[in-house]
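The same subunit A turns up in both complexes below, where it pairs with subunit B and then with subunit C.
Up next, the complex of A and B:
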């Protein structure tokens, strides 16, 4: 019974004691430390003690001489976060807490640009998100000026400048009118990030076909297929020719080769031939007599 | 003699009950998250997974087992927490984190939906043990910034960092 009482009393004392000692003020802690910078912790008294610095980001334990400042070299504490400091000397414990903040100088950027392939002339079609980190991979939460630039294709470069908030900045850009690779660059101080955005032709525009006899059959072909900005639609894009005649129908899928799709179809008098690619419909022609 | 024991038992029971309780959670209304609208189901999933991540974090640090983090942490957050667990283990230190209350605000949802940032004013107790000897228990109120990214089946914490409250 006596042992139980001693155990429970111990639990109660352990729970209450730190609160009382936390107010003793024997530990001289900085309020905040910049990640990776040198700092010191002041102790009072005499003799040896053990100092613990504990947080989710790092844990340190040091044997210290009481009454002398304990020095921490640059890089000793480099992960941003909230840290508890505990000084244990014999039966006495002193507690404190302080924060480690990200270094002010941005060092690396986590830059996500989407999509990597986009149709030309797409309004707000490209997005860029940047997370700003210091050299120790801490998120720099202080506002920083972030610039974005999309260039590399014909026309002037697009530039945006925004302030980061909670370590993140974002923007949206229009894709260029001409196809080609675009350089999407972001910069914060001396830290930069680059992504390549492939700007590809959009949907075909003004799809047209023509037909001519080819022996007993019809040779049909498209005009050069371009998008609305005049970019040639990529080879391999499937074009569908459909011929309807007296209750019958025949369909031929043909890929674009050098911008043109070709097919041979039955030559039915009075047949209607139409063309489509994706969701785009082209013209319709009628073959032979009514 | 009986009455001090009863009082001590009550305190011990209260500590135990508190420790096993679910944390109080408040999610601030979100007016604008920037470029992308956040659906309610997504918000619920993010908050649920974030709170579960606190559970994993707590268990991993108490048991000094980094693999417990795998279900809920990735990237920088996973690496940094693993490093700390390794340090703890090397020094014979354990830490018990018990989150008591979360006040969560979702602050940014990226345009392509690949990252979501939240700010959590969290209250928790930390118990520090050196070779199983309890050194101290402290109550902490801190502001955590977390970035979560979607994975195959859940949101995982990619960045987990406290800042001055």
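Up next, the complex of A and C:
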């Protein structure tokens, strides 16, 4: 409703502008105002008039004394953008325009870090994008120095510093060799943003199984499953045991529990038992005699 | 006017004739599924009539009547008879309704006959066939069926310790700021894809890998594109896939495009989708004694053994078949109609098209399970 009113008022003011242009000349406007700061508008002449300030998402109406400056308190105008000022005095109208710019001091950051979960040892696998805003959520277009830091559970932190361009800065980082939660921190002045990047083990490496009798059946299990950097592959990862024997086959999809996958399989003499997880193959063992 | 009257008279006469024909020579399945009308027609005067009557009572779930008509009811109780047909534990059978029945006389003497009864049950995942060979015996002037009871094993009361593993997910909330992180969707990848031209259309088969460390709910959608880039048809894998993929698990998928020829297709747009879900790593199902049985009647058979303590209500077996070069040539599936009890083997069999069966050199099977009251 408020926006509709603003739009309607803007349309009315624009409609009367050509007439106003012919009589303008006594309105003293600043060229630019920092969002949220105090400022004044000079007027000339005598008597009372009404001053309208129309901008993005905001309209002010003031009753002013012509010839005296009209003061605006800090915070009166807080949305950055192009503003129109119209002074209406009886039948005459004067107008002008000025800009409200974002505050110089960054106050808040919107920090997009992707992905939130990444495999270890991934080159440029993590990206961070920062949008810099002032107190009033205006995008700070002036260049600002933005620092990014990714620190993991071990090893030195990675640091990058980039200048923001039109309010945006971005970078890419490598994931660590060791699994764990990494803190991805960005800072612009006193404004900071933090995201957690979960660095998870990569593909299993050197998958091996062993088997032993368990009653009438075979108990097969893997050695502790690790990736190529030595990180323990998470529990729940599916390991497929396949036993092939004369004329038949048995398979079990078993999850890793405490780093090891276990299953029971039929005990056939001469059976071959192999193991795989995802697209990674492990060793193959032969049970009993041919 | 006269022509209209003649036409009305003809329609009336034809209706009367058709009603009479349907009453005197009804379709078996219609009789089986009919209500009170069936009792007028049912009879135990012949072995076939006795079996038809029993099938009708099973179809109408008139358990008491069906049980009382049996010749060997002293061998088992009525609840055991009902459980034979509907299952001891919640399973696909529990919620099935009899769609139709067929009988085939195998052998007959003056006092005894052998008849094969095929009960076609309808379920939410399709139909399944329950085939029983029945002995029908004559007592005085009546024939009665001797029911071949299949007693489902029962698990003795016990405690089975399970090292339970489960993932739970907390998603981004509505109060979080714009730009705040959400949990990452699982990363999945199509590792194999192969289109095949079949008589009824194009079939797309492939395999999908969850390469992440979290469980995923997956679907695969495919769009066939013509040479000019226009979409010919778009389909998804529906239930020819295991939708819940645990970390590093691979599922086959099959997408059927009816009435499309492969020659019309220039390219295929594949759209695998994955959503992070809460899931459990149990139960573990062993697929034992897997056999490829050659044509005629080529099939893939095996037994499922539940290695966990949890009773599985529905098990879906997906078979992936490869040729001697390791090329994927077919994907088949089957739902098992009985619940999987701990350590009790349950057989499955899925058919393979005759022309495909000759190419199959190896296979891989996986199971997707559903336990009553809990997902996966």
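The rule is short, and it goes like this: the second predicted complex is superposed on the first by the 266 of 290 C-alpha atoms of A that agree within 3 Å, B and C clash if a C-alpha of one lies under 4 Å from a C-alpha of the other, contacts with A are read in each partner's own complex, and residues count from 1 in each chain.
Heads up, the rule we're going with is that contacts are C-beta pairs under 8 Å (C-beta built on N, C-alpha and C of every residue); 3 or more make two chains touch, one makes a residue touch a chain.
Bear in mind the structure is a predicted one, so any value in this text is a computation, not a measurement.
K.L.:
Once chain A of both complexes is superposed, is A:88 in touch with subunit B (first), subunit C (second), both, or neither?
P.N.:
After superposition on chain A, A:88 lies in contact with subunit B alone.
K.L.:
Output check: A:157 vs subunit B and subunit C. Expected answer is one of first, second, both, neither. What do you get?
P.N.:
neither
K.L.:
Taking the superposition as given, does A:32 touch the first partner, subunit B, the second, subunit C, both, or neither?
P.N.:
first
K.L.:
Looking at the overlay, what does A:117 touch: subunit B (first), subunit C (second), both, or neither?
P.N.:
second
K.L.:
Looking at the overlay, what does A:205 touch: subunit B (first), subunit C (second), both, or neither?
P.N.:
neither
K.L.:
Which partner does A:253 reach: the first (subunit B), the second (subunit C), both, or neither?
P.N.:
In the superposition, A:253 touches subunit C alone.
K.L.:
Applying the touch criterion given at the start, work out whether A:131 contacts subunit B, subunit C, both or neither, answering first, second, both or neither.
P.N.:
Both partners.
K.L.:
What residues on subunit A does subunit C touch that subunit B touches too?
P.N.:
112, 114-115, 131
K.L.:
In their complex, what parts of subunit A are in touch with subunit C?
P.N.:
So the residues of subunit A in touch with subunit C come to 110-117, 131, 195-196, 200-201, 203-204, 233-239, 247-255, 257-258, 263-266, 277-280.
K.L.:
Which residues of subunit C touch subunit A once you look at their complex with the stated criterion?
P.N.:
Interface residues on the subunit C side: 163, 165, 167, 177-179, 181-184, 191, 209-215, 246-250, 281-282, 284-291, 307, 363-367.
K.L.:
Which residues, counting only subunit B, touch subunit A once they are in their complex?
P.N.:
Against subunit A, the touching part of subunit B is residues 1, 4-5, 8-9, 11-12, 15, 34-35, 57, 61, 76, 80-81, 83-84, 87-88, 91, 93, 95, 97, 107-108, 110-112, 114-115, 117, 119, 126, 128, 130, 134-138, 140, 142, 145, 147, 159-164.
K.L.:
Within their complex, state which residues of subunit A touch subunit B.
P.N.:
1, 4-5, 8-9, 11-12, 14-15, 18, 22, 32, 50, 52, 54-61, 79-82, 84, 86, 88, 93, 95, 97, 99, 101-102, 112, 114-115, 127, 129, 131, 137-139, 141, 165-168, 170, 172
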